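Chain IDs A, B and C follow the sequence of writing; residue 1 opens each chain.
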Amino acid sequence: MKKLLLTAALVAATSPVFAGDVVRMGTEGAYPPYNFINDAGEVDGMERALGDELCRRAELTCEWVTNDWDSIIPNLVSGNYDTIIAGMSVTAERDQVIDFSEEYIPPEPSGYLAMDAGVDVSQAVIAAQAATIQAAFVAAQGWTLVEFATPEETIAAVRNGEADAVLADSSFLEGHANDGLQFLDRKESIGGGVAIGLRESDGELRAKLDAAIQSMKADGSLNKLIVEWEVGSTW
Amino acid sequence: MFEFCADPASLEGISWFACYLTTGKHMSLYWSILTVLSLLLITAPTALLFGFAGASAARSGFAPLRWLGQIYVAIVRGVPDIAFFLFFVIALDQGFEYLRHQALCPDWSEPIRQGNDFIVCKAAKLPLSTAPQWVHEVYGFFLAVITFAIVFGAFAANVLLGAMRAVPQAQLETAQAYGMSRRQVFWRILVPQMWLYALPGLSNLWVILIKATPLLFLLGVEDIVYWARELGGSKNARFTDYPHGDWRLWYFLGLLVFYLAFTYLSERILAKVNRRLSRGQGIVGATP
Amino acid sequence: MSCLTTIQDYALRSIGFGKRLLPASDITVCEQFTLIGSGLIWNIYFGVIALLVGFFLACALALGKNSHVAWLRRPSEGFIFLFRGSPLFIQFFFAYFAFLALKKVGFVPWLTSAQAGALLVLVFNTAAYSAEIFYGALQAIPKGDVEAADAYGFTGWKKFRRVVWPSMLRLSWPAYTNEAIFLMHATTLVFFSGFPAWQQKGDALYYASYFADKTFNPFVPYPILAGYFILLTLIVIGCFGIVNQRLNRHLPTGQRQKMKLRLNLIR
């Protein structure tokens, strides 16, 4: 894993500079296995590997930046970075404001993690990260929602008894299904697949990334990444 | 960092902690402490300058300048600093880019706002998108300093205004009686005297400024709170060599101790300054 | 939907009345005004209660710190130092974890809610800050005032109530006004750190950031929030200004005019 990362970074650094531009990749860095900060303090995860590979194929020089989930879209729009590659599901609402590349992870049902397998979600207190499709979903059902700023806190809330269950992407929850936390049988299909977010005016960059994602889909390297990092189903 | 850290799984006790606390990620935490300290060191004088300018303007005999000073103090004091931090950084950034855009790309025909996007020509981008990451970080830091200085400058202005008015009227009248001009009274009598009255308020502000530094993350600067939250969260063995449970409580305890030590030191120093300044003044707290 | 129905639906949303679902699409400015205003209820709740309770605690703490008796002075100093010396943001986080731990052993479980737990932190926090301001004022009371009180034979409670306390308040009032404003502003931190929002019942900033996220445009909700808070600040300054006038009413006319000017300038 580390080796893979190192070579990817090396390749990114030595690839021809495209028109002298650096593409800044914005991510959250708190949502393993999609993206997280590793022991060395660098962005790591499935999306790091994917992003570096996409940049290599599109012949772009890429740099990684982390940003709070809450303000990740406004900061993209105001130009602090050029892409959002942070496990962001495509939704109609977001699509009104930013553009999305081709999806790189197929739609994946969201799962519940609870201390007690018998939780009735409509009567329970459900934790979710603020400003996510899951939080919007729970609110729309009229259930009792309790929101937290980071994904980590939603898990901690269930462990501490503040909430009865947490609703999030299954592959994120997978890593926490231990020490008494278990999946409920119920799954929710909300939102589309995961894609890279871009400014609406950045058509050129979008075309390049789309082409790179298509080529990765075609040669099976994208599926390989999905399997390696266990992020949902393959294409 | 240490040689024995090569195989973290085999470590125990103190050596585990020695390795754990020196990972690259923890280095980022220690580095962020320096960020906070330098922010404070740069912001404090800048804010004082803003405050002094604001207070002088609000006392000015020239009406428009007076109104400007009063409006500055009123508006900034009226809005929660956190709202400023959430909003102001983007506004400042876009403001700077807009000005540069006007200056550098005069023959740009497209509108700057396209739907939700804010578009300026490439040459006007701040920092230039070709710039290395550290330039972006320094720029973000610079925006943070300005935002902090504007907010705390307004509060400092208020404290200084109060202090200027607390200087005994008789002293100013005496100075006038000696034939000093308005300007001379201001610089020679009022300004040197006001610091005594301003110091308690300014000390309070300094503490509040320290207190506000955890809000840095909202400005896009990765500060100690960000790293404490990130490092303290429970870590799964799949993604780290040092798995552990939810340790945020301990990290925040560390931050609490850090801030307490910092304030303690500040207060000791400020108390010394206060004693020096109030020497010989006719108030209860002064040493004879 | 007219603005009136919006107000009916959402004016009390932050305390759990009215429509449950927050507006999600086609958000109007009216909805933003109403909901952010609704959230302001919590800011006022936190601010006013913390200020009232904190004031008396602060007077006690200031006297304690000013006392010559060690067992009164040391705890007061420690309390003031603990809450002034650390950021509120971290206190919220820490308190939340501490209350969670208490909840686990079945002790005061209601403190994990923002309405109780965060309020407690705010009360302690403002009491510590105000106590320091009052203590500073106690130190700055003109020697002449106290000597005059002694000359009139005032002692103990009477001297405190008639001379020391009013002078302390008069001297500290501008700084205390500042503190009250700071406290009002600090209430916006509650839902932004530590304490979670239940069923999307939050304060003004919570709704402002909700809208900023939904509309992806910070240039509408934050200025609305700013407008509300400027209004709130003006009300605070107005109320404190009235008290200030009362505190200064004994001063000779020449100086009183100066006080009036001071008020104008503070505004």
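By definition in this document, a residue touches a chain if its C-beta (ideal position, glycine included) is under 8 Å from a C-beta of that chain, and two chains touch if they have at least 3 such contacts.
Every value quoted in this text rests on a predicted model; they were computed, and no experiment measured them.
With centres computed from Cα atoms alone, the innermost chain of the structure is B.
For chain A, the chain with the farthest CA centroid is C.
Chain centres here are Cα means. That of chain B falls 21 Å from that of chain C. Between the CA-based centres of chain A and chain B the separation comes to 33 Å, rounded to the whole angstrom.
Centre-to-centre, using mean CA coordinates, chain A is 39 Å away from chain C.
Annotation for chain C: residues touching 2 or more other chains are 192, 209, 212, 216-218. Residue positions 71, 74, 77, 97-98, 153 of chain A are each in touch with at least two other chains.
Among the residues of chain B, those touching two or more other chains are numbered 86, 90, 116, 248. Contacts from chain C toward chain B in the complex involve residues 81-82, 84-91, 93-94, 97, 101, 129, 132-133, 136, 138-144, 146, 174-175, 178-179, 181-182, 184-186, 188-189, 192, 205, 208-209, 212, 216-219, 222-223, 225-226, 229-230, 233-234, 254-255, 258, 261-262, 265-267. Residues 23-28, 86, 90, 93-94, 97, 114-119, 125, 129-131, 133, 136, 217-218, 220, 222, 229-230, 233-234, 236, 238-242, 246, 248 of chain B are the ones that touch chain A when the two sit in their complex. Note for the complex: chain C touches chain A at residues 20-22, 24-25, 100, 103-104, 112, 192, 196-200, 209, 212-214, 216-218. Listed in rising order, the residues of chain A touching chain B in the complex are 20-22, 24, 29-30, 32-33, 36-42, 44-45, 63, 65-68, 71, 74-75, 77-80, 82, 97-98, 150, 152-153, 155-156, 159, 175-176, 199-201.
By the touch rule above, chain B contacts chain C in their complex via residues 58-59, 70, 74-75, 77-83, 86-87, 90-91, 116, 155, 158-159, 161-162, 165, 169, 197, 200-201, 204, 207-208, 210-215, 225, 248-249, 252-253, 255-256, 259-260, 262-264, 267, 282-285.
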